[in-house]
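To start, the structure itself, in structure tokens.
A, B and C label the chains in the order they appear, each numbered from 1.
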Amino acid sequence: MSERDRRLFVFAALAVALPLVLLGALSLGSVPLPATSVVRSGLARLGVGSPSPLPEMGEVILWSVRLPRVLIAALVGGGLAVVGAALQSLFRNPLADAGLLGVGPGAALGAVLAVNLGWAQQRFLAMPFAACAGALLALLLIYAIAHAGGRPTLSGLLLTGLAVSALAGAGTSVLLVAVEEFRVRTVLFWLAGGLEGRGYEHLALAAAFVIPGSLALLLLARPLDVLSLGEEEAAALSLPVHGVRILVFGLCALVAGPVTAVAGSVPFVGLVAPHALRPLVGPLGRHLLPASFLAGAVLVVVADLAARSFGQYVELPLGSVTAFVGAPYFLLALRGQEGRG
Amino acid sequence: MSAVLEARGLAVDRGRRHVLRGVDLALQPGEGLALVGPNAAGKSTLVRALAGLLAPARGEILLEGRPLASWPRSGLAQRVALVAAEDEAPDRIAVEDRVALGRYPHRGALAPLTAEDRAAVARALRQTEIEHLARRPLGTLSAGERQRAALARGLAQEPAVLLLDEPATHLDVRHQLHLFRVLDDVRQCGVAVLAVIHDLPRAAAWAPRMALLDEGHITAEGSPAEVLESAAAERAFGVAIRGVPVGDGPERLWRFEERA
Amino acid sequence: MGALLLALLLAAPAMTAAEAPLRVASLNLTADELLVEMLPADRLVAVTRWADDADMSNVAGRVPATAVRLPRADLERIIALRPDLVVVSEYTDADFLRLVEKSGLRYHRMSDLDTLPGIRAAIVDLGRAVGTPDAAARLMARFDAVLAELARRLEGDPRPRVLYWGDPHTAGAGTAIGSLVEAAGATNVGRELGLRGIVPIAGEKAFAADPDAFLVAQGSGTSVALRQHPLLSRTRAVREGHVVEMPNRLLVALSDRAADAAWWLASRLHPARVSEAAPPPNLP
């Protein structure tokens, strides 16, 4: 199969897979709904065709509980995958992802604070907003520290990110240790990742950042390609290297922060999706970024379905599901890389 | 004829080291200049400064008569192409796509590539004789092939000035000769070529003109024979160089003798 | 069923039939215990999985078979049961509750269960919310009577100093366990130390506090841990065997059984004054 044909095939497969997976996730769950009924219910909402065949409680489950959740899962997966692909270009390392940004630990710190102060129980959306604020503050801190000594190098950015992550993690631990037991459990559940109880407001929060952010990253596809040639060659090709780096970094944090705020920690998606797609669609941003978005969306929708289907006493944490799949993939990929090198 | 790229009293520091201390150099359209000098003389620094990547501490650089600093970034890159010795391009990118990134200064981030762009890329691939590798990932190429791909990227920029830092290091003899032929072809179209060449006989065999960079200054300039046989060259390299004519043409056999 | 409904309508004229929630789902153990006492079997549609656990629940074995045991708070399953009211704890998070509302369900939140007066008020509240104020009043009357009798018997007896230990947590002020200890005629060392909530306590601090007795959960291995703890095993309380192992179902009781829990603890701390482990059945 030629390169171009292979690429077209992959895009076609993803374009078909996503709606199928969405339909499946809307139909399956602790209360199974027939897929045809789901479709007809959807059409009925749009004013097309006969009224919904679902009983009232089925309608409620589908529209109030499942639809926002499944859409959030798609946005979370798509956003994290695009961010992963962009960061892999930026750091010129196929194993980079959102974890490098300090966004996760920053968000966790925000969430712990919200729980500590009792906001999470009292105020709606308190925890996501606090987590979002924490993530963006972490980014600002990384930016400020990295720029304190003039323009930062790539490794400077990376190391600052790691240091700020460690700092945020330490703060989180202190707060967790000194606090009431039930609050610890609340935070731990959130940290492990999950979409339980997420509604349309959370969807709006996620969409407001993920959609524009991902689009912006897509528009930066060619600059990312130029950047991947190396700092010097990129500069010689008229790319404002420093500016583009900061812009990409910032966009990645703007997408990953709210995603973490809404869904907790969902690891490996940003790593696995682009890494798996790169041999199939090529490394160019204009192919890899959109393909990653689609693949990431499919992955997390399926993972979320698994999380709510296989847990008996609690939902499986979404982060654990992605880790169970992602970590072995990651290890195999690492071995493959070393074998070649 | 006015110079297309000119350095006047150029001084460049790297950290606290005064690498270039007052360089005067002018490149005419269509000319070929080999830049030689001992290790750490600052040849790479000079080339990067001429490409606008390093800010001068003193002096100025003029492109088409205007100071480099007054040029917009993309305008500069449309006219000056730098092909460095090290190639950090990722392994997975296809040769053709890598070369096509040379059109970035002309197209920017969003504009799609035009037929003109594609023609420039095809021409560059043809000139460097790597058309047959167009869709291969860069990582599957030999070092020499990668170097030619880098050169093709520079040619795809369709610059007025082509700056090359050690373009021949990984090339086998056949491809080295071919490289210089490409440079001469490109010069025919009016492109000014400056190449940093480590291998003195090789540099002398190609270059119509040569400049010697030593201790931060251009200490000798002229034909290869004039430069290599000068006292400045002996001082710079620590060897006495004599060129022995071979046949009636301009070719010479170069002899190097350590100074006593 | 019809007679009951009529009775409800007559007994609570302020509520229309549409307002009084018929079907109630409980998402926390305290509500399980109270609702099993207050609601007729066909009105209780769901309980938690702990309701049947004899170790955790004071109504184990008495939960109607028709009530669905929910292994977890799965909103989809809850909706499928079509409850008119969902009873949640104060620990349930706001985002989940918003979704419950958006799904067209009403919820009642149990709160302020960290003091005995708070528990009393919560019982009344719940009774009002599910439309069984009489049943709630009965529970409340018994609750008050047990505590009053207990207070009468404990009158004048010195109060031992008790430290609840949860390896490594203790109960400070503002906790149900703290209130339990105080109702049982003891002083809560956790409160004495200025702590609030269920918080960790350093071994050294616990040692220095030198309590008269330790209170631990039965069967959690905590009493063994105490006896093996390098510092705490050397406290006067442990050496003299004053370690009270309380059954879980009583220790964490936040329903009307909190009064029984206080009674049980008092029987261990003041054996001369309170000889029976359970309150006499004929109260009030």
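As a convention for this text, a residue touches a chain if its C-beta (ideal position, glycine included) is under 8 Å from a C-beta of that chain, and two chains touch if they have at least 3 such contacts.
Please read these numbers as outputs of a predicted model, since none were measured by experiment.
A.B. asks: Once you draw an edge for every pair of touching chains, what topology comes out, line, ring, star, complete or other?
C.D. replies: Here the contact pattern is a line, an open path with two ends.
A.B. asks: Using each chain's Cα centroid, which is most distant from the centroid of chain C?
C.D. replies: Farthest chain from chain C, going by C-alpha centroids: B.
A.B. asks: Express in whole angstrom the distance between the two chain centres, defined as the mean CA positions of chain A and chain C.
C.D. replies: Distance between chain centres: 41 Å.
A.B. asks: Counting only Cα atoms for the centres, state how far chain A is from chain B in Å.
C.D. replies: Each chain's C-alpha centroid was found; their separation is 45 Å.
A.B. asks: Averaging over Cα atoms per chain, report the distance between chain B and chain C in Å.
C.D. replies: Here chain B and chain C have centroids separated by 83 Å.
A.B. asks: Can you list the residues on chain A that touch chain C in the complex?
C.D. replies: 29-31, 57, 60-61, 64-66, 120-128, 177-182, 186, 196-202, 308, 311-315
A.B. asks: Per the contact definition, I'd like the list of chain B residues that touch chain A in the complex.
C.D. replies: Residue list for chain B touching chain A: 48, 51-53, 73-74, 76-78, 81-82, 84, 86-90, 92-94, 97-98, 101-102, 104-105, 108-110, 135, 153, 157.
A.B. asks: Which residues of chain C touch chain A in their complex?
C.D. replies: 49, 71-72, 74-77, 79-80, 82, 90-99, 102-104, 169, 197-200
A.B. asks: In the complex of these two chains, what residues of chain A are touching chain B?
C.D. replies: Residues 3, 92, 219-223, 225-226, 228-233, 235-240, 278-279, 282-284 of chain A touch chain B in their complex.
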